[in-house]
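See the structures that follow.
The two complexes that follow have chain A in common; it is paired with chain B in the first and with chain C in the second.
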Partner chain A sequence: MTGFPILSLITFLPLLGAFLVLTIRGDAALVARNARFVALWASGVTFVMSLFLWIGFDTTTAEFQFQDRMEWMPAFKISYHLGVDGISMLFVLLSTLLTPICILASWESIKVRVKEYMVAFLVMETMMVGMFSALDIILFYVFFEGVLIPMFLIIGVWGGPRRVYAAFKFFLFTLVGSVLMLLAILAMYFVAGTASIPELMRFGFPTGMQTWLWLAFLASFAVKLPMWPVHTWLPDAHVEAPTAGSVILAGVLLKFGAYGFLRFSLPMFPDATVAFTPLIYALSIIAVIYTSLVALAQEDMKKLIAYSSVAHMGFVTVGTFTLTVQGIEGAIFQSLSHGIVSGALFLVVGVVYDRVHSREIATYEGLVHRMPAYGLVFMLFMLASVGLPGTSGFIGEILILVGAFQANTWVAALTATGLVLGAIYMLYLYRRVVFGKLTKEDLKKLLDLSPREMAVFAPLIVLVFVMGIYPGPFLDVMHVSVDNLINSIEVARAGAGNVALVGR
Partner chain B sequence: MPIASLPNPIPVLPELFLAGVAMALLLLGVFQKAGGKGDDVRSSRLISVLGVITLILTLLLVMTVARGGAVSTFGGMFVTDAFAVYLKVFVLIASALSLVIAEDYLEHQNSARFEYAVLILLATLGMMLMVSANNLISLYVGLELQSLALYVVAAFQRHDLRSTEAGLKYFVLGALASGMLLYGASLVYGFAGTTDFTALATLFAKGQAGAPALGLVIGIVFILVGLAFKVSAVPFHMWTPDVYEGAPTPVTAFFSVAPKLAAVGLLVRVMIGPFGELADQWQQIVVFISIASMALGGFVAINQRNIKRMMAYSSIGHVGYALIGLAVGNQVGVRGILIYMAIYIFMNLGVFTCILCMRRGGAMVEDIDDLAGLSKTHPMLALALAIFMFSMAGIPPLAGFFSKLYIFLAAIEAGLYALAVIGVLTSVVAAYYYLRIIKVMYFDDVTDALDKPVRREIGLVIFGTSAVILLFFLLPGPLLDGAGAAAAALFTG
Partner chain C sequence: MQIAAVFLPLLGAAIAGILAFVTPAAKESRRRIDRLAQTASCASLLLAAVAAGFVFVDVVVNKNAGTVHLLTWITSGTFEVSWALKWDTLSAVMVLMVTFVSAMIHVYSVGYMAHDGSVPRFMAYISLFTFFMLMLVTSDNLVQLFFGWEGVGLTSYLLIGFWYTRPSANAAAIKAFLVNRVGDFGFILGIFGTYVLFDSIQLDTIFAAAGGQADATMAAFGGEFHALTVICLLLFMGAMGKSAQIGLHTWLPDAMEGPTPVSALIHAATMVTAGVFMVARLSPLFEYSEVALTVVTLVGATTAIFAATVACVQTDIKRVIAYSTCSQLGYMFFACGVSAFSAGIFHLVTHAFFKSLLFLGAGSVIHAMSDEQDMRNMGGLWKMIPVTYTVMWVGSLALAGIWPFAGFYSKDIILEAAYAAHTGVGAYAFWMGIAAAFLTAFYSWRLLILTFHGTPRADERVVAHVHESPKMMLIPLIVLAAGALFTGYLGAPWFVGEGAPGFWESAILVLPAHPALENAHHVPLWVKYLPLGVGVAGIALAYIMYLLAPGLPGAVLARFRGVHRFLVHKWYFDELYDAVFVRPAFYLGRQFWKVGDGALIDGLGPDGLAAATVDIARRGGRLQSGLVYHYAFAMLIGVVLLISWYFLVQAG
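Showing the complex of A and B:
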């Protein structure tokens, strides 16, 4: 490491902000105002700091960079160890980018208990960044699971009418998966005698054990991702969460699962990964086709986007398990792109929800006549979600499909139907909400996007186009790490005397 | 030479001190002015403050004596090793905190009497003897000293029907359990010919050939049953919900921490020490008790409306987790238990101190629904209670997560996978009812606000315990090292 603990700083700066927000006292309106500003500053500074990660990032090595290491529980050889590589670095940036945007998006829509809300968001940012950069498996679990607390409160306190049900479902579903993963983590820790993730990656677990460990990790990541059939918590959580909660949920929390596969399942259990690839393919294809059809039938805008998330994450799992450079890079790219696009789509819904307080598609019609700018923004993100060339969604999906075609033509062909279905439900949604005649009286008084809302969307729009038109810098960051990942899997598989069936 | 035959008093110094002071305080209390208005409160306050000071001094004495390493005295009946010292430290902390939070409640309920503090001191003395016992006889003496004091404090509100019922129930069932324990001890004595732990251990270590005598196994089972009653493990838990609900709240707080800690310590010492070589005989019983406790504690608590009853089932569940460490039966497992119990007492005391703040119009309320909207009326209290609940559910980064982590680590290391899987799954069930408290406090609207917390010392206890639980992850080293040393002492000594 280089001396300056920048990664720790990025991780714990939001926590410091949360502490500052907690200490604000005084008259209610003033407290709310100050809490908003402190939270925005804390998360904004964190984002700027995290940009230095990218600037200082060495794209020629697959080693972990910016490592920070300290003794934590020496009796157990568990340490506080952070670091990022090409796979995790962009996820850290995604978290630090979306948090200030969420805080800005909640500026006016959150009116009660603003202070607690901001504290919850800042604590969550610490957990998210920590999760993506933890290099000690116990530390990883602490962050991974710790996210539940702020998210549970955000859904439960500031959510919609069925918030209690949604919050409990979210919490308990995730917890069931995670505790099984915890046991697997403990088993790995015991067998390998270390909690360090880089060492565990090199350890090489016995094949028989890999199967069980892989399944335990699947239990956790499949719920988080979510994969069919354990995705049912997601629509509820998304619908009931406040807008910014949905953004973080879709933008970052779902990526925990994708990241988990790449960080743990693939490098640590290569044999089991290959053995279970057909299962993942099957579940992913079901997710892509089935949830796309379900999305088509939704009457609630947030629910529709939630189901579309399940379908898009199905693409990510297909790409990840092709074990090809294109597939995995596509999966990471698609994760990032989905984080931005689906987050933005929830914000788009949030804009009209703040004005009309309804998420029903039937409530809306012809919004373009009153809100032209809104119609444009909505269209951009809708097309990005569909995967139109020129937007970030296209790059991710095309890379995944290229990878999938190398691995298995049928899988690729079936997955590709998701593109068509995605276009159908998104265009259908857009037609119903934005086009048509504006006849409803209450919609005729709507105002177009405010400058604050413009500020929320502007960085996301820029990113969608930059990632879509010039994806090079993003792919460069991950390329060496992904190559190294695939090589290590092949070496491990060859070492196990089982060279057949590597899907490339 | 009469001098030479006197046992070495240094290891028992803390106990001697505590016993002497407890009796002196009893006398002091008797000679206080009584009968007039406010006299009871005044003497109760005086003795209570002196009691807390005594416990703190005893704690210092325990730490000082501990410097000498493992020493036994009174003909091997009493031993002071790192294991005993570790448990004594936390028993004394738990007792002192329970005494601190009790005074306010007792005064409000018009049942402030100086005997309360004296009884707590005597019960604490019994616990210290229990964890230091190195002989079935001294074990029984310590256990009974503790139990008799506890029977009385359970019925301390003698004008309250529920409290007297709780006391009586506890007494009858406790006497039954003591009888079983005694019967088991006599069987062991009959078949092994000794009651000394060290002698028993060497005896079993030598007699490897063939299975142990049937009578001996029955004796061990009876001892196990008697102790399982004391730690309120399923299926010997029936008294727990009723006694927890009926006893005055500070007494329940005390019950749920100090005696439980001492009894778990005793159980570990007896099973690992003298009967460690016979682990094959008792391990499956402990596994069953552990699973049953975790499952019952998880499922039955869901339907409880009274928070004290819910905490009773919660404590049954927690004992189930701690017993996983005993089922493992090695040093790692014992270390897990010790860490678990230490963190548990802070969580539980914190929760009960919060329950002591549940007062409306001067009267105590105990329903979970009475907490509705607490986060709006008492934000700090709700935050503390939420920290405790998340911790009990085992969510990182709170201390409760780490306590479960070390227990499950031991189970995985020993290959008890089924036990570990059942354990984590019941912890998810348990998470549901802990979350329900948070839901009531944070998601529901205020129906009828509780009174503002009154006394400063209660606020301090809540603040202190919640800080321990919240910030444990910053500095886990000292507790882990202490527990490691204590567990090591049990296996080498």
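Showing the complex of A and C:
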């Protein structure tokens, strides 16, 4: 559309960087150093490029923008087709922002196979951006599954002691879900005769078929998100993954599920969506309450934050299925906010893990004595995580709950218990790690945040507050697309003879 | 001016906050950093107070009420929220009171915290708190109100846990945050209810539409209820948490773990009164719900008496005052409950002066006693710290409602209004209020006598060290004492007297059906004199029990051991909550984790499948014996089974 293939450029620039990294030869220390710099530059430039998407984004249309289209397999009507709308654009930016931050965060903690590590991250960035901008369902599936490979390697090669178990658990869970989704994609492709996502959105599948397709997609998205009870891969994966792996996992990969619901389940299977909404509510509420309580019992910092992710993503699914403007915008906003906040919390854990090499909460106490700046950074992200007004976490949660209250007051009330429960485990964690006396010998020599670490946190802190105090630029992007999504569901429902079941 | 009054404290907080991270090794330069942080925050607060004075004149005297729009906050569909400052009499009064008391406490803190290791951090926190409090009271919509609400909760949490090496302080801080969050859970649902009913959360919009929705119903929680009642009750839940009303009060006494200036500022004068402010601010909603007003009255009156009984048996000087605060907040609430909102706000203002005075006086005592807080280890201090002694008397007289001190005016009008409401709950509130007034006077003089009179019971070394506080602490005490003396007399005509209609303008709505405050001026004489009478009686009883007949408390205690234990354990609320909420939460968390996730989901899911696969493979492996006849035999069996099955199916 724009003539200049900016979206393709953003998608494949990291891959180009990965090839560059691969060509680096020579002395091991030099290779590692150069690999880091090339990766940082490649992802940094990609991020700057992606900002042009936001600047050039037309907030008055729900159409896909910055479309790039090329024939791929014309005989099968499968094409290479990219484009973003108000739902996906900010997810692209989230991916391009977190990748350079992750590379910077891995600067010193990754010491072996640095070259391969950087290649894995850059390949993953291509997959993530491609996933969020693919407008062809086959292409989407390629990216969606492609992400698994670098992430599997990152956990399996650079992970902790139980990394192989965790990597396989992660791989198997997600793959089982994806296989069902692949069957559904094939079914849709044969019935509709097209692989184009915009055309599939307009196709209107028969109600009976929608049920099966919806369930098949759920299998995949529920695992990715993750929803209770298919969430158990997440704590293991997080615990074993290196810090930056956890950041991407929590920050971007979990959002695949949320995005999937918004891109496929809601617009393509509206009847099934409405029919299954109670199921989603039930699973989400269980996720919020159950995993919050589980988080309270954790002794491992990363596990605790992993469980908190499940609870927060429970909010996202509630918001999505309220089919209200506030609920869906809140769900998108919460996804973005959670991407930044939980990513930052994993980085916060990574800071002390790099120093002490333990994730056990009991190892720590009174860190604020030696690390006041760390204490402040941890505090800010903790507050964003509990959704304090003025931080990004609040905007997402309040919008989701506004939507939920309109759809069903019980759902709103039960989900809102997450506000209380979330505060319990986060404050309790913070107290045990940061406050108290400093008595342990090995903690007395800790150094506060280094300039590199501050550089990692600074953009995230700024974003948490900007999104919390002036979220307009983020919400404005979504308005038209979300309105359009809700309208199209209403139209489809009315067309199918089901009158106004959507929200209130 | 209007922006300066609200945002200057934020500036002060930012400067002090940055200085908190400058930690030079040399003691001398550290002192200089401390001095700089103190100067910046005190100056910003004093300037804010001056600005607030100008705004007050502008808004209340010159009638320039209005809203200052700052920035758009959230827009999503019709859910629109702005950052804005709403100025009317109510917010101007609150801003003036908050900035003034806060400025005094900032100055006091310079002296009180002089020997602390993290002065800039402390100054940053209390300035930040003041900013959040000002955002709360000037909010023109419910979400910004919630922003200030949670913000003061956060700073309260930070300040209670200020001495973070103490486990008890950390526990108290978390408790305060969480109990408040429970209240906020209701508050936020109330906001959603308001939005659903009015399609707006803008105060002016919903107030204008409230009358039209007076009979509206709302489908909520499985039934069809009176909409404004649902909304008001949910919002009131937030007020109960913040203002430590019975049920959600347990955090306030524990909050005394924080430094004393914090107790004075946050847990007496400002933050805890936010709930009362909220109910008064939302008077145009509460007025249309009889049920909600009744609940407010009942909760307020019950808290007033409950907290007063507990205050009588506390031995920690700050805890006595904390329970007293709880009890006085109850008065403010039942005033609002009988539609005497302006009387509630009047008491809020006078209480802010005399209660922060009492806390700061107690702080001065604690300072003098080398951080001793237990009154059993005090006594006989009055000659050694005469200024503190005097201001404590002033504060106590005001609290007990003795003429002409501030509490006399504000407490009396509340009790008279409760009587004049001529309703069942009004009468309940009146009699509970009278009983609590008696107890208030009793525990206040119990505190005075135990602390200042009798023989010194402290360690000799401590007694030798007792000294009057520095000027930086005494000046704010004297200023606040003046407030405790005069605010009642000066304020009464405007807040609740004949000047009230012109003073409040449209800031508070009272329907003609609720004339309690007007009738309060025409109650029988005994109603007017009874509060004063029971106050004097309470003082007399305290003198008898603790000075004239020292054996009496022991005898009473022996006679009513059960009652005493019940009161010492604060009606067993903490024990109950621990058993019902805290332990089960941890237990459930562990069970869900180990049994739910571990045994059930993983056990039946991935691990179970993996184990089963391995198992099958192993069994399969065992079959491979390598002997040909085994394989041949197996094949034969297979063929037999196949043929049998074929014939069975054919035959069937």
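Throughout what follows, the second predicted complex is superposed on the first by the 503 of 504 C-alpha atoms of A that agree within 3 Å, B and C clash if a C-alpha of one lies under 4 Å from a C-alpha of the other, contacts with A are read in each partner's own complex, and residues count from 1 in each chain.
Criterion: a residue touches a chain if its C-beta (ideal position, glycine included) is under 8 Å from a C-beta of that chain, and two chains touch if they have at least 3 such contacts.
Bear in mind the structure is a predicted one, so any value in this text is a computation, not a measurement.
Engineer: Let me test your reading of the model: by the given contact rule, A:I400 touches which partner, first (chain B), second (chain C), both or neither?
Structural biologist: Neither partner.
Engineer: Does the superposition put A:E329 against chain B (first), chain C (second), both, or neither?
Structural biologist: So A:E329 only meets chain C here.
Engineer: Once the structures are superposed on A, label A:I138 by its partner contacts, choosing first (chain B), second (chain C), both or neither.
Structural biologist: first
Engineer: Touching A:A311, do we find chain B (first), chain C (second), both, or neither?
Structural biologist: A:A311 contacts neither chain B nor chain C.
Engineer: A:G156 contacts which: chain B (first), chain C (second), both, neither?
Structural biologist: In the superposition, A:G156 contacts chain B only.
Engineer: Which chain, chain B or chain C, ends up touching more residues of chain A in the combined arrangement?
Structural biologist: C
Engineer: Counting only touches as set out at the top, which of chain B and chain C does A:L172 meet: first, second, both, neither?
Structural biologist: So A:L172 meets both chain B and chain C here.
Engineer: Per the contact definition in the header, classify A:F190: touching chain B only (first), chain C only (second), both, or neither.
Structural biologist: The answer is first: A:F190 touches chain B but not chain C.
Engineer: For chain A, which residues belong to both interfaces, chain B and chain C?
Structural biologist: 172
Engineer: Which stretch or stretches of chain C touch chain A in the complex?
Structural biologist: Chain C reaches chain A through residues 20-21, 23, 71-77, 79, 83, 143, 146-147, 150-151, 154, 157, 161, 164-165, 167, 170, 173-174, 177-178, 181-182, 184-185, 188-189, 191-193, 195-196, 219-222, 585-586, 588-590, 592-593, 596-597, 601-602, 605-606.
Engineer: Can you list the chain A residues touching chain C in their complex?
Structural biologist: The touching residues are 169, 172-173, 229-230, 232-233, 235, 290-291, 293-298, 324-326, 329-330, 366, 368, 372-373, 376, 383, 388-390, 395, 398-399, 401-402, 405-406, 409-410, 412-413, 416-417, 419-420, 423-424, 427-428, 431, 434-437, 469-472, 475-476, 479, 504.
Engineer: In their complex, what parts of chain A are in touch with chain B?
Structural biologist: That would be residues 72-76, 116, 138, 141-143, 145-146, 148-149, 152-153, 156-157, 163-164, 167-168, 171-172, 175-176, 179-180, 182-183, 186-187, 189-190 of chain A.
Engineer: Once bound in the complex, which stretches of chain B touch chain A?
Structural biologist: Against chain A, chain B makes touches at 375, 390, 395-397, 401, 405, 408-409, 412-413, 417, 420-421, 424-425, 427-428, 431-432, 435, 438-439, 442-443, 473, 476-477, 480-481, 484.
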